[in-house]
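Going in written order, the chains are labelled A, B and C, and every chain counts its residues from 1.
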Amino acid sequence: MSVALEAEASGYNFAYLDEQTKRMIRRAILKAVAIPGYQVPFAGREMPLPYGWGTGGIQVTAAVIGADDTLKVIDQGADDTTNAVSIRRFFQRTAGVATTTATTDATVIQTRHRIPETPLTEDQILVYQVPIPEPLRWMEARESETRKMHALAEYGVMHVRLYEDIAHMGRIVKSYDYPVRVDGRYIMAPSPIPKFDNPKMDRMAALQLFGAGREKRIYAVPPYTRAESLDFEDHPFEIQSWDDGCALCGAIDSYLDEVVTDDKGGRMMVCSDTDHCDKRRAAGYSGPMAAPYAETPK
Amino acid sequence: MNLVSTAARDLDDDPPLLSVRNLAKHYGNALGCRAVSFDLWPGEVLGIVGESGSGKTTLLNCLSGQIDADGGEILYRHRDGEVADFRTLPEPQRRALLRGEWGLVHQNPRDGLRLRVSAGANIGERLMAEGARHYGEIRGAAMNWLSRVEIATDRTDDLPIRFSGGMQQRLQIARTLVTGPRLVFMDEPTGGLDVSVQARLLDLIRGLVDELGAACVIVTHDLAVARLLAHRLMVMKGGEVVEAGLTDQVLDDPHHPYTQLLVSSVLQV
Amino acid sequence: MTLMLSVQGVAKTFTLHTQGGVKIPVFRDLDLDVSAGECVVLHGPSGAGKSTLLRAMYANVLPDAGEIRVRHGGRMVDLASASSRTVLQVRRHTLGYVSQFLSVIPRVPTLNVVAEPLIRDGLDIDTAHERAAAMLSRLNVPERLWSLAPATFSGGEQQRVNIARGLIAEMPVLLLDEPTASLDAANRDVVVELVAEAKQRGAAIVGIFHDAATRDAVADRLYPLTPAKAA
């Protein structure tokens, strides 16, 4: 039986959502693309997984994915964590699309908390799962007021938080979900990606879409659009860096996760982007703790 | 000293900073205030006195954009000389005024402060809202203003929630004045403070307002506060202004029965 | 001599609304001209309205009828009809008033209290403080008190601070409401000297002095006020 027939037989439309819902979401996406960084409300549907597990991202992916797309799903940079595996399988079942772990092979990449290290291209769409879409929320609890602040570009409060960091810690310590100003206008929460990834958002060739399921908001950064991280003139934006490279592939320019290896305090720093690390090791790069590279059995 | 030339200027020809005409506010059928008109010039402190329910707070809230009046005009002269009715200004411009050129000091400092961010950030916020992006300069301005309101600069990074009521009020004043506002509204600025703290605060407010040359509207039920701070006074009762004039003239030679009652009710010490 | 202060047809009646609207007439049809360099002392028994008239000249009391004109910046300004702003300007630059009681903000040090009128007029702080110090010395206010707020001083000390503050700015028109009431003989003499100096520089002065010796020493003429003149 073909995939389409299988979907029909099971009573589900292609990619789970019905076509009218997808149209509604696409209209929201179009508006989001037209007003970069602006949060567009949409009539989010109940999805067969809990809020916080990527319901916003899944709806956006479902609305943009086609039968000949290739999907990659990552969670904290890894293709093999529960959330990533579940969402990948969801679309395998409901859309029958091809999936991959290779960044370069994917046309749609749904992500939680990372941007792949491999630069993305014009032919790709990056879909972010967003828990809290409103960057002003911590300063202003009222939605009516935050909307007004966005409308009037009253963004002074955003710097209050950065000021507090420097005052108390001597530097800006906010390290993830670091706010950006999109196309010189709207201030946007980039979802909890590490600020290490912020520069990748800036003028990225790929279309970036953001879906917040609980708060029912969609926003976007169109290709080649400015996304500037907020800072002070005398405390410019900086990204994280590490003294040593990845223990497995030796990369010194990728975002590293700390992995505890035993209960005696042993630990190693490895690439959070598993595909990137894999590719480097396949190409012969190696770090101090690497075992001889062998093709991962599929 | 060139007294003569300053004195010879015909003051009444100077355009006022603020001209209020026939301002009215109703709450359903209940009267908040009505037929309120006055002019305010730079450097002038206007006191509004009256008891609870007299409409003085309603008036202040209308003037400072907290609530919308339902009649009358609030004519404000911008730096460029242009006069506009605050009530019909587009909201972005109204909010911009309230962020910078105007300042509002709430009776309860907790309404005018962010209690969960440091004293320095509370002062710096209004600068950042106006586009300041140099941390060192923002912090410098914050510390400068803390000392001007007599708060030790080693408290810069403390949360206002740890401050006494008097300190919170002084912090709120610093936060309001840091942008060098041309027009400041104060709602019972010494209300709820110990008497010993009040005197200090009054002295401070008087000095700062004088220094900045700001025009100021102060609502108070305390005639002693009014005498100390206000050049001119408006006495309100039942939503209307019953008497207005020079502060000492209104207090020492009150004409309206209500003003006489008010003045004679003050306990002498 | 230049006319500095001119009172024309002034009347005042206090209406006490809190006491059933009882009317207390104080005076009516008063006329008084004061020229530069002249000291006029209001003279009459207590209740004759001396203090009320003096306060009306300061626009502290608003007359029911008549004009109170003061030469301010080259022209005569009627305080009874002038705007509050104009009155404040006249007080700031032209019209000085020394009352019996000192009313100042609790915390301000004596030296600043006295120097304030000069600083307000744009004099630099150091010069203003120097002149304030000289004035306080002259009035025998001990130097150890200068840095303290006058609220806790004795009546006589407060009075002298008050005089220093009132006379330091050398206003063209001076109103003195019993400035020597609680002073000893030595300090009364200083005040007499200061008044003489003010006259010398051309100030027009109207005062109330109960002490006959002081009155005789400063007055060029007396302006009699009697309760009979009130009607």
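What we mean here is this: a contact is a pair of C-beta atoms (placed from the backbone, for glycine too) under 8 Å apart; a residue touches a chain by one contact, two chains touch by 3 or more.
Treat the numbers as computed from the prediction; the structure is a model and nothing was measured.
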For this session: Specify the contact topology among the chains shown, as one of line, ring, star, complete or other.
Result: line
Seminar exercise, completed: The pair of chains with the most residue-pair contacts is B-C
Exercise. Taking each chain's centre as its mean C-alpha position, how far apart are subunit A and subunit C in Å?
Worked result: 78
Exercise. What whole-number Å value describes the gap between the mean CA coordinates of subunit B and subunit C?
Worked result: 31
For this session: Just give me the whole-number Å value for how far the CA centre of subunit A lies from that of subunit B.
Result: 48
Seminar exercise, completed: subunit C contacts subunit B in the complex at 14-18, 55, 59-62, 72-75, 83-90, 93-94, 103, 105-108, 121-123
Exercise. Quick one: in the complex, what on subunit A touches subunit B?
Worked result: 139, 148, 152, 154, 156-157, 159-161, 163-164, 166-168, 232-235
Exercise. How about subunit B: which of its residues touch subunit A in the complex?
Worked result: 91-92, 95, 99, 114, 117-118, 120-121, 124-126, 128-131, 133-136, 138-139, 156-157
Exercise. Tell me, which parts of subunit B touch subunit C in their complex?
Worked result: 1, 3-4, 6-9, 11-12, 41, 44, 199-200, 202-203, 206, 227-228, 231-232, 245-246, 248-249, 252-253, 255-257, 260-261, 264
